[in-house]
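Labels for the chains are A, B, C and D, by order of writing; each one numbers its residues from 1.
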């Protein structure tokens, strides 16, 4: 499987994503610089990692979403490429319009970092297949702007069509309908606030994230 | 312009220079300095840069050892952890700025300490913070906690370095002077460590990072007022941090460091361009010529004085190998940082500054360092306090109430509200952090199966009661905390926070603490490799309690063998290692239950510490224990509660075989550990201990959902945990105070 | 030329920041505060000399970057006085 | 009564956010942007009926909570129209 991780200025989970991908796919991902105008050829998966791209200035994800490489990601996603965004990656994907809604400041107004209980609400997606049914998992969360917002109509549409793939068990940030992660309509673009790449090694305190990467591997 | 300013005695005074100091300047220059030169002498000879009150005492510290690659004197200390890996670390204070602007003050403190570490070629891998606030009832405390914590998180989280631990105290002694001490630990290769000596003549000097603005300009209001009429508006005393630029700076510097383009590198910290250029030149034995017109400037019409004294953040100075200039430009341009060649090294031994085609400073560099004041300030030792006998300390009649009060006392209560705002997991090598309330944080060396253990400790109430014993204790506690997770303690950094050194009693505290610390360092072969001194922490003549914060670093050679306090299992036996006399002087019990802060603090027997600690480490490496916790604030009872919370299981403690129960449960004798042990290991451990002359006794067992102290308290685990967790969030939400 | 852009949350989007401000002010004893909202102001220095052209460009900037129109609305003021 | 408070960094204080915005706009092809600054606007709904009293109270709020005058300055507009 050929993967790529996008590196924006002040991405900071790029290495974390790369380590997880290399361990789980057996092959190191290509690290793609935000100024590049095109993705490497014949990719199976693009990961947009967590971090504080552009310092989270203006709005988290806003500036990264306008960078040259994201324009190519938008085009490739349109042709069916699998795209996964974690944390800041989720924020970037909503800002780029690849996913609906927006991630606002946490209701507590505070940054929150903790192991978070989650429920996989749809294990049919290509990102969650390897979870059996509606699994309960724990991934770390670490964000300041994870409060998912969309209008009611959008939220209902997302829920009805199975596009909400992960929900919080115990809402940590005020997200609408406890939403932690969603897919696009075609099912090939996914964003979530929690960090599955921080739950792939027993020393991380849990390995619930492995099945997420496995799901992607198996569906390709 | 600057050179027209006449140097009057008032201006000299406003620059914090004494008459004697000024005479030395006149003598070395053979003429009157101009205002730029005066400003430069003033910052170089300030307490902050010259350590004039502390230098001779710091010189006593043990600073060498077979693992020490670089001791004090560079940006940070460097130790060898084998396999070609080096750990680079330092701690620094940002007390005053954090009091004035808590968010930015704390944030720039974190930024500054990180620069000290990556300047030397290390990728920062962990941050710690040691915080002291005023009493909770003080009107400013809540706002300060909130701002400082947000600032530390805001900076470290953005840069993507995990903040893995720290400590937080509240005491009225810090009402007017909070302490914000930040520590950074980085990882480098032993054969790729960068130093600050600007060797060689004719080499280009590069400036990189952010532009220079009029931030935090030190020095005299009057003198500076003459530069500009609305100087007030133009001179923010507090710097604003830009973690985004810092992150880029780290990546860019590490990228350039992977080539052989850099001869010397130095971050611009306090006194910015002045101290960085002078220190580099002084260490390299060269002169420096800088053309200030080339310095990237954020504001218009900046004067040489302002540029040299600005403390704008996220800036670095480096000497580049001739021929590698383009490489440097390319790397910094790629990361979209400001970069400029601003000068070159010379053979004159002088610092020469050019501005608008004029020479605005030309002074010999040697005297700035060699002739810096070095005072032997008078000091009087702190009078010893009487030892309190346990029998003379009121024994509570309600132990359930006592344990609840202590577990939710501000210093003991859970600091979750703080550390949940810190990203503890980024870089995915955090093995243990504040999350488990562990003794030391554990951070894996990327791509290996070894780890560093990191801790910060000091018990200011002990240092106040007896600086010498308190000094020993803070070093011993870090050593013990590293030991408690199974690490080999290697070296420390420190941040010595004290009041006004011109007062003999304060200087006495300073000297006492240093002597005690040093004795402990020598006993453990545990050298000081870096550190920082923060003096004049006082308001209206009232000094803070002496607070020599110590940051300890150790190595866990193999992650298959380590322990934390969270592994206690149902059916385990609890063994207490170390002797209990029931020491209540200067204890938490005394302060929280009886509102008394008197009595001599517990003495530290360093030989016993070493003996007990080495045995604990051996037990961990032999996998003979399931959980370990050292005893500190609140003694046996509190250590047991913390182990129960972290392990998620109840436990019961036996009462004392003799003596009053309060001193047994809450006494703070040193050199003690609580270990949780499976049934088959109990007797072997007790007999080996006895053969080695180590005090060891069974003190209870693990199981159930209550925390029980025979003859004293009996409470539910969850009820007590709730009290422990509630205090800080309630306080911060204003629903309790 | 200068452009001042006010960006605020659309009505109906919960504003936790505003609410927290109102609460803190009440806590400090300012009982007269019923509600608060927080928005941002972005001030741009432009090289434009024509007001209409500036307005058009700035609107474009708002749509492309400065506001997230899923949650935010904006208002532009162009001023020519330096 | 309403109060609109503009809080911005004092001149000379580093505004990393503003700088990043300007740069990002330039990258998007908006060459006419020389510089940008970002500040906040806080809008308060007040029960006050007297303008002078409102102004005095709001000034107090700014000093105590809404601005840190070490690095920020503020401007208050009181409007009576609902």
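Keep in mind that, in the parts below, contacts are C-beta pairs under 8 Å (C-beta built on N, C-alpha and C of every residue); 3 or more make two chains touch, one makes a residue touch a chain.
This is a predicted model, so every value here is computed, not measured.
A.B. asks: Of the chain pairs B-D and A-B, which one is connected by the greater count of C-beta contacts?
C.D. replies: Counting C-beta pairs in contact, A-B comes out ahead.
A.B. asks: Roughly how many whole angstrom separate the Cα centroids of chain A and chain B?
C.D. replies: It comes to 36 Å between the two C-alpha centres.
A.B. asks: CA centre of chain B versus CA centre of chain C: separation in Å?
C.D. replies: One centre to the other, that is 41 Å.
A.B. asks: Indicate the whole-number Å distance between the mean C-alpha point of chain C and the mean C-alpha point of chain D.
C.D. replies: Spacing between the chain centres: roughly 10 Å.
A.B. asks: Mind pulling the residue numbers of chain A that touch at least two other chains?
C.D. replies: In chain A, residues 54-55, 57-58, 63, 66 touch at least two other chains, as defined above.
A.B. asks: Provide the list of chain C residues touching at least two other chains, using ranges where the numbers run on.
C.D. replies: 64-66
A.B. asks: Counting only residues that touch at least two other chains, what does the list for chain B look like?
C.D. replies: 242, 244-245, 336
A.B. asks: Every touching chain pair, please?
C.D. replies: A-B, A-C, A-D, B-D, C-D
A.B. asks: Contact residues on chain D for chain B in the complex?
C.D. replies: So the residues of chain D touching chain B come out as 9-16, 20, 23, 68, 70-71.
A.B. asks: Given the complex with chain D, which residues does chain B contribute to the contact?
C.D. replies: 100-101, 104, 210, 213-215, 233-240, 242, 244-245, 298-299, 312-313, 336
A.B. asks: Mind pulling up the chain D residues that touch chain A in the complex?
C.D. replies: 16-17, 20-21, 24, 27-28, 38
A.B. asks: Note which residues of chain C are touching chain D in the complex, please.
C.D. replies: Contacts found on chain C: 6, 8, 18, 21-22, 24-25, 28, 30-48, 54, 57, 60-61, 64-66.
A.B. asks: What residues on chain B touch chain A, complex-wise?
C.D. replies: Those in contact with chain A are residues 150, 153-154, 157-160, 242-245, 247-248, 335-336, 419-428, 430-431, 435, 444, 559.
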